[in-house]
Every structure is written in structure tokens, then in C-alpha cells.
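Presented sequentially are two complexes of chain A, the first with chain B as partner and the second with chain C.
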Partner chain A sequence: MSKLLRPKPLAFTVGILAVIVISLVFFRVPLPTILLPGEAIPGLAIGKFKITNTFVATIIADIVVLVLSFLAVRQMQDVPESKLQNIFEWVYEIFEGMLTDIGGKEKARAWIGVFLTILLFLLAANWMELIPGIDSIGVIEPVEVAYAEKGVNVGYEIQHFWLFETLTNKQVKLTPADMEEIEKEKEEAESAGEVYHPHNPRGYVLTPYVRAATTDLNLTIGLALLVVIWSHVIGFRRLGGKYARRFAMPVITGMKLVDIFVGVLEFISEFAKIISLSFRLFGNIFAGQVLLFVMAFLVSFLLPLPFFGLELFAGFMQAFVFAILTFIYFEQATHSHAGDEHH
Partner chain B sequence: MAALGLNFNYLLSYIVNFFLLYFLLKKFVFPAISQMLDDRKKRIAEGLTAADAARREAEEERKKLMAQLEAERAEAQQRVAAASAQAEKVKEDILAQARREAEAIKTSAIEEAEAEKQRILAEAHKQIAELAMLATERVVREGLDEKTQHKIIEDFLSQVSLN
Partner chain C sequence: MVEILSPGLAIGLGAIGPGIGIGLLVMGALQAMGRNPEVAGEIRTNMILGIVFAESIAIYALVVALLLLFVGAPGLK
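The block that comes next holds the complex of A and B.
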């Protein structure tokens, strides 16, 4: 206790407490609207294709990865002056070594491209949730519209701040009566051929321009589908018809009945792979994002800090796990289960 | 499905997006990196091999020089040994000769001395005999003839000399 009373630790403790009190009293932030699907940005669409904020994030992630990697290889030097080239070489070498340990030199060389593309893209996509402004800058629209389109029933009051509008932390909850009224008004507007817009909005919600790409199930399921199907293509190309034997009449234990059952399990596990790959990635990043929202909502300063560190780690881990599992699935697809190989 | 936000169009767009990214990276980025790494690895291996060869060559050169030096040293040593042996021999010869000469001188001196002694003795004999004869002649001038006298003195003297 006496240690805490010395000037420095005391000032430190008081400072932290002061920051927490100030953020609790003066800087309260609203809890963002948490929606599972990627949110279409109002007024942004290519034909019928509504551009969602997760799609925008995907494009940004692509650009980041492409720009960085092209800068890294733009002027390759034998004795690298550029740190970027160094980093890319380092990453390439580390993971090539790792893949060689798992699947041997030939397979590592063949699939390191897929591995690194997934890793870099997912890193960029996952870490985007940590950047300020993402998830917090966007289009403000009436809660009624959000309710009519997405079923959002909590809005916030709005305040003008210099040139901008921001949401305050004063919540507006739609009552069942409000909801009924909104539905009626919307029907009226549609029957009249107009776009529904409330005259006197009760509250507002924010649709961010950018939201971490991997918080969209379409992306994670698409990627998972792609790599699982890709692994089957690799299996057929390397083993030919023998590859099908892993699902029908594989020779594993030698006991016919057991092997048939194993084949069925293999078949089911292919679907499990898609589900586990996609939902692990989606779940971790989505949960991380919500965690950051909630922490900022509770205490806007300091408290979210450790969770940013946690999410930095989780973002890397999920990208790495997805990529390494992809490589392992590819690698497994090259093993024959037709019984002519010794395990 | 709609609650999860699943939408086939989005899903497909993400897959296409990934393929495009993969294609671009695979075409332009990864080969460059891998090429660079391979080249550098080869270059380093070559450098190391060359350095190794150079070191081995230098080592060989050094060994050769050392062997040469060793041979020269041995030869010099041999030469010194031979010279010193020769010197020793010369010394021995000189000493032997000197000894021999000394011996000869000594022998000749002894011989000379002996001869001188013999000569002096013989001279002394003769003189003593003459003196004795003279003396005896004086003593027994008439008693004995010269021949007998001589004989007696001779006998006497030979007994004396034998002692």
C-alpha cells in the first residue's frame, strides 16, 4: 500500500481514474447497431447489386494487399534496402519453411501462393476492425427506415457537431405501437409508389461505410467453399479415380463394414470442413468486433485498449488458422485411401 | 438463411474477388519473391564455395611452401653435418700425423742417444782397456807377453761390462 502512495504511482493511478471518470461522464458513445448481415450502404448500388459495407472493406483489403505486395517487389534488391521487401521475403521464407515441414518441398512450392494470398487477405480484412473510423463513420438514417428494412428497433438521438452529425448516447426504443405505425406508413408509401421516408423521425441509426470484411458470412462461406472444392480438384487431379475411393469403399482398417462407415464419415466431414472454416473465422472476428463495441460503450477511453491487443492477436490467429487448414486440406487430398499405400 | 445475410450474389462476388487477388499475386508477386530468394541462396552458396576453394588452395600453397622450407632446412643441416664431420676427420688426421711425427722424432732421438751411448761406451771400453793395458804393462812389463796380457784384460773387462 505504501508503494502506491509514492508520487509517481499515485499520479498514475489518479490519472487512470480521472480518464475513466471523464469518459464515463462526458464521453459516452452509443452502442452501434449490431447486425449479422453486411449492411447495404444507402444510396450506393451498381444496378440491382447493393454494395454492402463489408464489400467495400473487401475491396479496401484487396487494394492494401496488392499495393503493399507490389511495392515490396517493385524494385527487388539482392541486398534489400526496403524494409517492405525484407518483410515480404521474411514472411515468404518462414511460411515456406512451415509448409515444407508439413507437406514436403514440392507441395509447399505448389500451394504457398494460395496460403499467402489467404493469409495476407484475411490479415488485412481482420485487422480492419481495429482502425478508427471503420464501423463509426457512415450514413445516418432514420430508425424507421432501418426498422422497415432490417428490423432495427433501437435508434439514437442526433446532435450537430460543426459540419457533421453524430449520434448521441440517448437511446430511442421503438414501442410495438411505433412498429405497427411504421409498417402501416410503409405499406401506404409503397402502394403510392413512393420510397418510404418518415416525416418526423423518432431517432437515427448509423450505417458505417466500412465494416470488417470477415464479419460477413458471405465472404467466409465463399472462401471456405472455394478451398474445399479446390482441395477436391487437387485430389482428383493427383489421384484420378482413386480419389473417389476415400468416400466409397476406402481401405483403411481392412474391415469392410467399418471402412464403408468411414467413407460416409469422410463425406460428411467435407461439409463439416466448410462450416467449421467459415464459422470459426466469422464468429471470432464478429465477436471481437462486438467486444470492442461493448467495451467502448462501457468506458470509452482506456478500457478498450487491452481488447485491441487481444483482437490484433485473434485477427492474426484466425487468418493463419484458415490458411494453414487450407494447406492441410490440400495436402490430405493427395493421400490415397484406396489401399495401395502404406500408412 | 436471410437472417444470416447469405446471398448467392455476394458469395460469388467474394469468390471472384479472391480469385482475382490470387491471380494477381501469383502472377506478379510470389514468383518475384521466390526468384529473389532462390537467386540469393544460389549466390551465397556460390560465394561460400568459392571462399572455401580459395581457402583450400591457400592451405595447399602454404603446405607446399612449408615442405620446401623443411627440405631446405634439412639439406642445410645435412651440409653442416657433413662439413663438421670432414673437419673432425681433418683434425683427426692432423693430430695422428703430429703424433706420428712426434713418435718418430722421439724414437730417432732415443736411437741416436742409444747409439751415442754405445759409441761412448765402446770408446770408454777401448780407452779403459788401453789405460789398463798401459797400467798393467807398467806393472808387469816383463812377466807376460802381450798376447796373454790382452786376453786377461779382455776377460776382465767383459766381466766388468756384463755387470
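The block that comes next holds the complex of A and C.
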């Protein structure tokens, strides 16, 4: 007979199935509101500057990296006793070896600071989506307000639970008639100079206080711009005027048409770098977050577990790829293309 | 109709190429590992890096699909 029918595996399988069935029947969770831009937290703003939940996550990731790094180097010892210093030295050694293989000892020494800063920051920012409570604790507001501001058209009923309010899994969908009514009411409130607030909310949506920082395109594009511009600065510093040759080859060599074409391609590829760096990171982490939402929505226990493992891996991989590409761009910028370089 | 179909087509068509690419990539890596098991670790690292780069093409399609789904294209609604 098959192995599944022996007592232990059988009990295990039945247990898993029971948990899945129980969670399907009794523990249904609402699907969180999925919005592409970072969501402004209601009631939290400095003047006109609305604080978004991804901004809060960025600050938290910064603090985590800074505090860990300071703790690691606070009392440096030749033979480290603190575990944190040990871990940091281990990480440093691994990646120093890797960068030395790619760019040589001198360049690895020069840029490993940038590399590790980006790696650690992105690790903290990416893995934040895995922490329970990050996307589920926040401000509950009426779906009407969310519709008027962000176009959200699905809300949930709420229930009181001890001191808190929670969303239930009972969905409320706004009909086209509701939408028209909301728009009319909002216009009336605005013409009267008031902030729009519905008297009898149909449903509620939740805006989390914290949402993983890299699920906001602003952060990834900002980081990609910084990296690419920085690579040009490094190129000019190390090669001087020679660096400009790669974009304007015909000035140096005789082959005009081909070289103009090469120069244009080099120029376009700089923009392609920005787009590919930022969209790869953003797309992976945002898609991972949506995946976790949907899996928890389908079956709230056990099923999301393997996907957490997957996201753990993907989060590390994306942080590593971003950092290693940064190093490769820096390294490429210091190669002179004209062929008269001397190493 | 179009607003439902377009994100589906964007990710569906966009995933074909990377799917084939990742398949070829892993095939090559596994063959190399089979022929030369001593450097399996190194090949595996590079294989995973390659997979991530091939996968990122599908991620671009996914981003376009998500944009269409949650933001919408001008003139589509």
C-alpha cells in the first residue's frame, strides 16, 4: 500500500486537510485593498505633505539598518565576542570576496560600502512585507471617503473586538448608483467648505500604518536614479574627459556612422538601466505582497506558509541583484572604451 | 471587457518568453552540473542569478498588467 496509509503520515495529512477545511469555514479574512501608489495615512500630515505608509516603512528600514550597524561596530574587537560583530564580519567577507572576483581588489575595497548599504537597506525594506501586522494594522475609514479620494469601490463591514475595530469578511460593493451619490454628496460638502464625511457609511476600508517600502515605485526609481547618476560621477572622476568618449565616439575614431549609432545606443541604455533596476525591484516585491494577500484570502492557515518562504528568497535575491548591479555599473563606468587604457 | 482582458493578455503573453528562457537556462545549467559536478555550486549560483534576470522580463509585463488593473490606461475607461 502507499506510504500515505501508514498511521503517522495519515494523521499528518488528515490534520493538514482539517486545518484547511476549518480555516475555509470559520476563518475567512478580507482581501486587503490593493493600491499601487503608497497610501496616505488619514489624519497624519505635516502641512500639505501627506505621510504615506511606505514612507513610514522607509524610515523604519533606515533605523533598523543604522541601529544594527552601530551596535555591530560599537565595541570593535580583534577577536569579536559579540555575535552581531561576527555576523557583520562574515557578511563583509563573503561579499568582499565576490566583488573582488568581479572588479578586482581595489574597486571592491572602494565600493563595498555602497554595495552593503544598498543590500542591507533593501533587505530590511523587502522583508518587512513578511512581518505579521505590517499590512493589517492601520486606520479604518468609510469606503465612501476612500472612493472619493482613491477610487476604492469595495469595502467591508466592521465589528468591535475588545478595544479595537476589525474588518469582517462581509464585502460591500459600491454600485454605480452609490458612486454617483457619493460624488454628488462630496461636491455639496466641498461647496459648503466642509470635509466630506458620510453620515451612514456603507462599508469600511483599512489603510495600514506601514506597508513594505519597496512596494512604492517612488523609492525604487529614486534609488535607481541615485545609482545611475552616481556611476556617471564616478566615471568622470576616474577617467576625466575620456569618459565622454563612449557617448561621442566619432570625435576620436574615423568610423562615423557606426560610432554615432554606438553612442546613441550607449545613451539609451543609461535610461534602460534606470527603468530595469527600478521596475524589477518594485514589480517583484509588489507582486509578492499581492500574492501573500491573495493566498491568505483563499485559505488563512497553512497555505500562505510556502509562499512566505518564497518571498523570503525573492526579497533577498532582489536586494542582492540590485546591489550587485550597482557595483557592476560602477565598475563599467571606469572602463575606458577608446582602447588606449592602460591597466 | 477590454479593461479585464488587457491585463490578462499583458502578463499572459509577457510570461511566454521568460518561461522558455528560464527553461533553456536551467537545462544548460543542469547539463553542465551533470558533466562537471565539482563546480556545481558555482554553476548553481550563476544559474539563480540568470533566472532572476530572465524572470525580471516577466516582472515588467506583470508591472504593466498591475498598472492596467489598478490605475488603468488613459482612454481605456
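As a convention for this text, the second predicted complex is superposed on the first by the 330 of 343 C-alpha atoms of A that agree within 3 Å, B and C clash if a C-alpha of one lies under 4 Å from a C-alpha of the other, contacts with A are read in each partner's own complex, and residues count from 1 in each chain.
One rule holds for everything that comes next: a residue touches a chain if its C-beta (ideal position, glycine included) is under 8 Å from a C-beta of that chain, and two chains touch if they have at least 3 such contacts.
Owing to the predicted nature of the structure, the values given are computational and were not obtained by experimental measurement.
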(message) By the touch definition at the top of the document, which applies to A:Asp62: first (chain B), second (chain C), both, or neither?
(response) first
(request) Have a look at where A:Leu116 lands relative to chain B and chain C in the superposition and call it first, second, both or neither. (result) first
(message) According to the stated criteria, A:Leu223 is in contact with first (chain B), second (chain C), both, or neither; which is it?
(response) first
(message) Once chain A of both complexes is superposed, is A:Met317 in touch with chain B (first), chain C (second), both, or neither?
(response) second
(message) Touch test for A:Leu36: chain B only (first), chain C only (second), both, or neither?
(response) both
(request) Based on the superposed arrangement, let me know which partner A:Val299 touches: chain B (first), chain C (second), both, or neither? (result) neither
(request) Please name the chain, chain B or chain C, that touches the greater number of residues in chain A. (result) B
(request) Please indicate which partner A:Arg280 is in contact with in the superposed arrangement: first for chain B, second for chain C, both, or neither. (result) second
(request) Have a look at where A:Ile328 lands relative to chain B and chain C in the superposition and call it first, second, both or neither. (result) neither
(request) Find the residues of chain A that appear in the contact set with chain B and again in the contact set with chain C. (result) 35-36
(message) Touching residues of chain A toward chain C in the complex: what are they?
(response) 34-36, 276, 279-280, 282-284, 286-287, 290, 317-318, 321, 324
(message) Going by the contact rule set out above, which residues of chain A touch chain B in the complex?
(response) 35-38, 49, 52, 55, 58-59, 62, 65-66, 69-70, 72-73, 76, 78, 88-89, 92-93, 96, 109, 112-114, 116-117, 120-121, 216-219, 221-223, 225-226
(request) Quick one: which bits of chain C touch chain A in the complex? Just the residue numbers, please. (result) 48-49, 52-53, 56, 59-60, 62-63, 66-67, 70-71
(request) Could you please specify the touching residues of chain B with respect to chain A in the complex? (result) 2-7, 9-15, 17-22, 24-26, 28-30, 32-34, 36-37, 39-40, 43
